[in-house]
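The structure under discussion appears below in the form of structure tokens.
Order of writing sets the chain letters: A, B and C. Residues in each chain are counted from 1.
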Amino acid sequence: MATIASKVIDNTIDTPGRRTPLVTGNQTYGSITHMVSRISEESQPLAWWVTFLLAVPTLGMFGSLIVYLFLTGVGVWGNMSPVFWAWPIVNFVFWVGIGHAGTLISAILFLFRQNWRTGINRAAEAMTIFAVVCAGTFPGIHVGRAWLAFWLAPYPSLNLWMWPQFRSPLLWDVFAVGTYASVSLVFWYMGMIPDLATFRDRSTSKFRRMVYGILSLGWSGSSRHWMRYEKAYSLLAALATPLVLSVHTVVSFDFAVAQLPGWHTTIFPPYFVAGAIFSGFGMVVTLLVPVRALYNLKDVITLRHLDNMNKIILATGSLVGLAYATEFFMAWYSKNPYEVFAFVNRAFGPYWWAYWIMVSCNVISPQLFWFKFFRTNTIAMWIVSIFVNIGMWFERFVITITSLSRDFLPSSWGYFSPTWVDIGMLIGSFGLFFTLFSLFCRFLPIVAMAEVKGVMSQHAHAEHRHDHSHGHDHSHGSTH
Amino acid sequence: MAANTLNDNVTMPASWRSKAPILAAVGFCSVLISLGLFHFGSSAENEATGFRMFYHSYLANYVFCLSFCLGALFFVLVQHVVRAGWSASIRRVAELLAYTIPWWAVLFLPIVAVVFSDHGTLYEWSRGTGKVEPIVELKLSYLNPGWFLFRALIYFAIWCVAARLYFRMSREQDETGSTEITLKLQRWAGPFIILFALALNFAAFDWIMSTDAAWYSTIFGVYIFASGMLSFFAVMILTCYLMQRSGRMLKYVNTEHFHDLAKWQFGFIVFWSYIAFSQFLLYWYANIPEETLWYRERLDLSTGWRPLGYMLIALHFAVPLLGTLPRAVRRNKGVLAFWAVFILFVHWLDMTFLIMPNVGHASAIMIVGHFICWIGMVSIFISLFMFRVGETPMVATRDPWIPDALAYQQMPM
Amino acid sequence: MSDHKPEKKAKPPRAFGWVAEYADDNKLLDAARKVRDSGYSRTDAFTPFPVHGIDEALGIKATVLPWFTLIAGATGTSIALLMQWWMNAYDYPYIISGKPFASWPAFIPVAFELTILFAAYTTVFAMLGLNGLPKFSNPMFTNPKFDRATDDRFFLWVDSRDKYFNTEKVKSLLDSTGPISVEEVREDDSSSEIPKGIFSAIFLVIMASLIPGAIVLRMRSSRSDEPRLHVFFDMDFQPKKKPQQSTTLFADRRVQRPPVPGTIARGELELSDPYYLGYDPDKTASLEASDATRMVAFKAQDAAAQDPKSAAVDPKPAPAGAVEPNYAWLTEAPIEATEELFALGKKKFETNCAVCHGFGGYGDGLVSQRALNLAQGYWLQPTSMHEDRIQKQTVGRIYFTVTNGKGKMAGYASSLTPRERWAVVLYVRALQRSQNATIEDVPEPRRADLSSK
């Protein structure tokens, strides 16, 4: 069953009882291999060069600004009293939130047996890692003397003879983000081993064969290996699922254990997680819509995949909206004057524009996805996904800056404005992200070929069974 | 495809159904006995105490039952919205569970009555202006009997309409086998999930959280949702197990389904713990007096409820987590049935923990009376469920996803 | 695993077994069952993706991998909890935000993260270990056809070490399963030599990577007479003077400047204005008793109060006023006495003073009553404001007491502003007068009210 004889062209149409094919266009196992491997074997399209050559100087700017920051001090930022946590933390939470979709797609959707994850998981996982790299930069440079950031680690120090403070949520964050980054990395790499072996076996140059040969660790595709590999994959998925949740939960603890109105509310953990998934899927759509067009992957990353992701964006966007509403209601219900003030101030205070950008981008714009037209039109969904990215950045801005700018004492109130360094660093972090992502597209398998082939085989079996069950008996035979 | 081609018996045994009226009677009697016990057992300080205890106990046990019926409704909606195949053969059980909600609306009437009697028996705020502490006084614009009843009507309206729609349409499909119905239900599931979430969130605030009117927590609705889903999966496992033990649903429900239900149950054990811990940690850490009061009532040594708190950590988290972790357990329906009963018991402890400390210190009479009331309420639930099931087949045999559900296998490991 | 490391001595290339190639997974599954049913157990399949059902078809047993995960996870939890407890509650305990040293709820997040970290890494490495990876040489790789095992072909393998292995039989069995090809797998006869450059390159890379660490270590353990490198020059050498240094800028060469005559330094107004002090500092300075004398007298009083023996003998302190400071007290309040000010004084007195001194000022406040009820024996009743001694004190003296406290009474400078303190003083004066009043003090029109009661 090497081919999928597919008469269905639009695989977004639901037929109850039948699974629509996740690979379209009469693909065979071999053509899938070719479709994906050729991307790294052939020369890159113009659009790749444009992206790469824009991203690298932006990354250079990011690096220069960091050097400038180190040489001068954090005064180059707009951080002030009382907004001590400002732009860099907003960037951190923004990026770490985006870094949730990849592992989520790999782990949670795997546990939920959502086969459509296979088309998009590799790119999403790569995106996760790059986003976490961007995220990790900001707290790193925010600690002031960044070259002493290793003091965060519990290492026996002969100079200090003291230990980190484990009752601080900021240290939990170090462990959570550190664990997440390293586990995501190993999850991503492990998922890539069979595909790297494919690259190795297709390579024509000796150098390429050697590099991919070392990276694929001598993978042979043995069934005994596959068995342990699949077991390890499902165990990792089961471990990564609570890990994904815990990371943004701990990030939310950074805020929520404080007594600051607008931060200290118990719904923060699940609400942050929902927001993170939301922003992560937003970024996946933003990246994959151009990638699938550029590399002609429309048969693997089908409209169905995008449709499903947009449904998740709709669901999590609505969840985030529900959390906003609950927070507002509870502030009103609690009759705690500080809480009430904090929330009225968000919507109608000096940062009202940030709040309403957040609401319209995060809650209102995804509602378009109730309509199938928007879920299956790539241009429309791409625009909405950009709005989601913007909205989620502003969500973190609203939470961090609006709450901090209004201290308990009106005499301490302030108004934060970013400096050019703040803005430059936000743009520069995109340079880092896109540099890494374009290198990934250039050198690594951007679609999990082995998994896509597995899904093709499964679909063929299901179709076979379906045709069978429309016959006169129900025996499923022993063929699957 | 003809209905029920597997030649499997999918109706509830008549011998069970014949016991429903007796169970109902036993249930109502037990509830009354608990009322008597509270009334005469509450040592004389004042008469209202016994009545207050009874009402809190009634509410806790009412929410105990209603929560898994709501969990069932949510399960049905979600299965439709994600086009799940594996659950097609067990979804009818959830539909039936959810369709008992209209009757729970009737059993809500005693609570409405006590809210309007303005003695503050169950809800302090129901005393009204001038008789409550100042912070509650401020909340009376939201917490007042008329508005409370109005909201409850909306919640029940949403749930009843959804439960009825999904049950009736599914039954219609039993007759016609029309796949259009599946598509229609799938389309409606999204909006209904949003309405359901809003209603559940606010019902949790109104009915449970406001028993301590001064206290508030934004995560509370999610907490109740987690408890409800967890107990729903336990009820589901138990129902399927009992049906199979009496020789029913043997072909439609197989080990794979039990395995999946057990995985869901496991997931919600973790999710409940996550939510409960988040709420506790945030209030413990910030240590703001008006927020910690709620935990003080429950965890301070003087009130006698602290052991219950520790029991929840051990029995609602650690023990079932490790107990249902092995694959072998998840694939053994007998052992799973034990864990389902266990989960339901700790769910009852959980509801007790949320509501009962509001009446006062733990006492022997309170525990015994509360337990009897629980037995009564569970009996009422079982009889209602049996009345609801009646002759209805407990498998949606002509659902288009049934072949998927039957063919589906876990990953071999 | 079915494969062995190639042995050097074997010459002609050793045969390892037979491999059959199939175009799809169903064929492979059927063939695998057939081979299994023929009794072969040293078999394997090589496929581009995990084929559903192949484990059962080949008779592959479940793996012990989950045990590694479980044990590693439990280890992670234990290590994390132990580490946090040891570091924060045992080895280096300090109080932070009022939390206990061993704050178990706060230890949960890190314990969770380390559980996952340990379990995840162990799972991956145990998987690689059990699979014998990395393994860069594999006899299967000798056949170029095998490159398609990671593309679109499915291979079934029978090992020559199988106890039923017979070349002819295996070949014909495999032929009967409808393969694309059936071939014998031979030892890898390509050169087993590793290119020479690799080792030197690896060696160089390792050596080079040690350099930064070595430099750091050397710097940390050595002393140098060279001046240190100043990266941030303007931070290390700032254009400023430190205390006790000298300068050529001023005639007296002092860096620290004395105050300009006739000025009051910021924040020192309170040290020079009688309004804040209750006495005139300039006049006090010219009084006879020097500061030194007064200090000695105070010391003696303190020592007497703290000496347990003298306390046991005589629970009463040395008579107040024995070391009465000799200040130029103000005799009139430096503030206009208005009705509003008296109201403020009453309010502040009743808030701050009355708990001990009583609303009437007799020293019978609630605290005092309670203490006397407890009858602990060492309670000294607060001073009554109607004692002769206090009656005679100047307003400045009373203000001084309110500000700085006396005996067990703490000073109220931090709770009351100077204006409030003066208001309290005036209210005390009014209280004193009220308690020693005569009928003449009552205004004429209201005397009748008194006599009627």
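Things worth noting here:
Convention: a residue touches a chain if its C-beta (ideal position, glycine included) is under 8 Å from a C-beta of that chain, and two chains touch if they have at least 3 such contacts.
Bear in mind that the values here come from a model prediction, so they are computed numbers and not experimental data.
In terms of C-beta pairs in contact, A-C outnumbers the other of B-C and A-C. Most remote from chain A, judged by the distance between CA-atom centroids, is B. Each chain gets one centre point, the mean of its Cα atoms, and the points for chain A and chain B are 34 Å apart. If you average the Cα atoms of chain B and of chain C, the two centres end up 40 Å apart. Between chain A and chain C the centroid-to-centroid distance comes to 30 Å (mean Cα coordinates, whole Å).
Residues of chain C in contact with two or more other chains: 55, 63, 66, 97, 99, 106.
In chain A, 169, 230-231, 242, 249, 253, 480 are the positions where the chain touches two or more neighbouring chains simultaneously. For chain B, the set of residues that touch two or more other chains comprises 281, 285, 413.
On the side of chain B, the complex with chain C involves touching residues 277, 280-281, 284-285, 287, 327, 412-413. Partner chain A is touched in their complex by these residues of chain C: 1-2, 23-26, 29, 44-55, 58, 60, 63, 65-66, 69, 73, 83-84, 87-88, 91-92, 96-97, 99, 103, 106-107, 109-110, 112-114, 116-117, 119-121, 123-124, 126-128, 130-131, 133-138, 140-141, 146-152, 155, 232. By the touch criterion given at the top, residues 14-19, 111-113, 169, 230-231, 234, 242, 245, 249, 253, 256-259, 264-270, 314, 318-319, 322-323, 326-327, 330, 332-336, 370, 462, 465-466, 469-470, 474, 476, 480 of chain A touch chain B in their complex.
Interface residues of chain B facing chain A in the complex, by the touch rule stated above, are 1, 5-6, 82-83, 85-86, 135, 138-139, 142, 179, 182-183, 186, 190, 194, 197-198, 201, 205, 216-222, 263, 270, 274-275, 278-279, 281-283, 285-286, 288, 290, 400-401, 403-404, 406-407, 411, 413. If you check the complex, the residues on chain C that touch chain B are 55-56, 62-63, 66, 97-99, 105-106, 108.
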